[in-house]
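What follows is subunit A paired twice: with subunit B in the first complex and subunit C in the second.
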Partner chain A sequence: MPNARVLRDIKARYGVRANEIARRAYLFVARNETLPPQIRHHAQLQLNTFGRYTRPTTVKNRCRESGKGRGIISEFGLSRFQFRKKALDGELPGVHKASW
Partner chain B sequence: MAAFVPPSRLQALKQLQCSIFQTSYNPQSLRTGAKYLRARLRGPSMVSYYPAHFNIPTIIRKYPELEMVDEDEEERLQDVQDRKKRGKGAPKKAKTAADSRRLTKRR
Partner chain C sequence: MQVATRSVRRYLAASVRWSSTNTNVPQISQEPKAPVRKYDPAMLPLTEPLDPTTMDFTEEQYAATLIHGRSVHEPFFHPRTHDIPVANIHFRSHHIPLLNLFTHFATHAAYSLGIPISKVVPLPTQRTLWTVPRSPFVHKKSQENFERKVHKRVIKAWDADSEVVAHWVAYLRAHVLAGVGMRVITWDRVPLGIGSYPNLAAIDNGLKNPSRNVPKQIANLGKQIIKDEAQGPTPFQI
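Showing the complex of A and B:
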């Protein structure tokens, strides 16, 4: 079972996907300087009504294996320790310990 | 020596250029918000970041027509029932502030 932080992150990811198109449309209106200020302001207010788990910045890439939030090697989506463990076990193709 | 070209002529040239090459004419460089429409949608790739995780309750909930039973869960609920019968259940939740004060330990 993934830990609570990972579950929260998964929730945010689904929220982002569900609301992405609507948010983009409002962003387009709000950031468009060719439109009248009143309409832009209204669009900005609408943007503010979206919840916490609809913003893409809420999403954080956590460790796929352990759920850790820090020290993630993004190419593998693993924290540094899980990366080391898996690499030493030979589970990551093409990764081997440097020696010279 | 280059001949003097008035700005209005240059502007007209730019406008014509834009109409020929089908680019947007935006002499004041206003922000149009086009980048929010042009950017790819990030949701689908975000959702597929974590590997799929399965456990027994989710599978049971997914296929209610199969009428599967989670034996561990049944056993746990049975245990809770048995404990309640012996008077070893969880205490009642406090309904009012006075209740919660009575239930907290005094030091």
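Showing the complex of A and C:
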């Protein structure tokens, strides 16, 4: 069972995906300086009604093995320690120890 | 012809034998067989092709007699005739021996299909380095280095017909080697006036990634929102 932070991230990814177009349309209105202030203000109020898990900044890359949120090597989606473990086990194609 | 008649006769003899005796023991046919010569490497080099009806040999042995041991050597590179580029094939792998083997295979295939190709050109190796702490937590002083190398080769092809090139690519794809990636770039000649081809726009739209429509959807919804807001607040429904 993944931990709460991983579940929260999954929820955010689903939420962002479902609300992306509507959110960005309201942003388009709210930040359009050629429109009357009242319309822009209403759009901003609408934006505030979206939940926190619809914001794209809520999405965070996490380690897909351990769920860790820091030190992610994004190419493999793994945290640094899981990356080292897998690389030493030879599970990452072509990755091996180096020295220079 | 002679082979066909022989097999028919053998079939008739067997059927007669099964009807006359009811035992399950198969009996050896007493018919005289045509003399079968064995394949003998001492016969090389051959002056005329081997005849499979009178000789006993495998397909590999047969292939080896055509030009003895040709597969271990570099192939013949057909000379270019018009210098028109038709294809570039990139190969990439983490392992050089695999890359050498597969490019060797690809050059021989191109030779057999009569495609003028370049020699196997090495491209710069892509090297990615990572340095990570050995421990899962703190102890930054003790770290470990990892690397991944991607070796690349390219073969260029000229002057061949696009159908021949397609056959070459299909042959390489059919015998693809695990651990070797392949990227094929081909250039096709098309008739003049292809831009007015009726379905071209539809094909072009079909190839487009659907996510490219997202900005358009956002703009449309935004315009709708502006329109709705400009009409003023909706009255309460009682």
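The rule is short, and it goes like this: the second predicted complex is superposed on the first by the 99 of 100 C-alpha atoms of A that agree within 3 Å, B and C clash if a C-alpha of one lies under 4 Å from a C-alpha of the other, contacts with A are read in each partner's own complex, and residues count from 1 in each chain.
As a working rule, a residue touches a chain if its C-beta (ideal position, glycine included) is under 8 Å from a C-beta of that chain, and two chains touch if they have at least 3 such contacts.
The structure presented is a predicted model; accordingly, all values stated were derived computationally and were not measured.
Visitor: Does subunit B (first) or subunit C (second) touch A:Val95, or do both, or does neither?
Guide: Once the two structures are laid over each other on A, A:Val95 reaches subunit C alone.
Visitor: Now for A:Glu20: first (subunit B), second (subunit C), both, or neither, which partner does it touch?
Guide: A:Glu20 sits against subunit B and subunit C alike.
Visitor: Return first, second, both or neither, reflecting whether A:Phe81 touches subunit B, subunit C, both chains, or no partner chain.
Guide: A:Phe81 sits against subunit C, while subunit B stays out of touch.
Visitor: Quick check on the superposed pair: does A:Pro2 touch subunit B, subunit C, both, or neither? Answer first, second, both or neither.
Guide: Only subunit B is touched by A:Pro2; subunit C is not.
Visitor: With both complexes superposed on chain A, which partner does A:Val29 reach: first (subunit B), second (subunit C), both or neither?
Guide: Touch status of A:Val29: both partners.
Visitor: So subunit A touches subunit B in one structure and subunit C in the other; where do those two contact lists coincide?
Guide: 20-21, 24, 28-29, 32
Visitor: Would you mind writing out the residues of subunit A in touch with subunit B in their complex?
Guide: 1-2, 6, 9-10, 13-14, 16-18, 20-21, 24, 27-34, 56, 59, 61, 64, 77
Visitor: Taking the touch rule as given, give the residues of subunit C at its contact with subunit A in the complex, in rising order.
Guide: 94, 129-130, 132-136, 144-150, 179, 214, 217-219, 221-222, 224-226, 229-230
Visitor: Considering the complex alone, what residue numbers of subunit B touch subunit A?
Guide: The touching residues are 30-34, 36-37, 39, 41-44, 46-47, 49-51, 53, 55.
Visitor: In the complex formed with subunit C, which residues of subunit A make contact?
Guide: Of all residues in subunit A, those touching subunit C are 20-22, 24-26, 28-29, 32, 35, 38-39, 42-43, 46, 71, 73, 80-81, 83-84, 87, 92-100.
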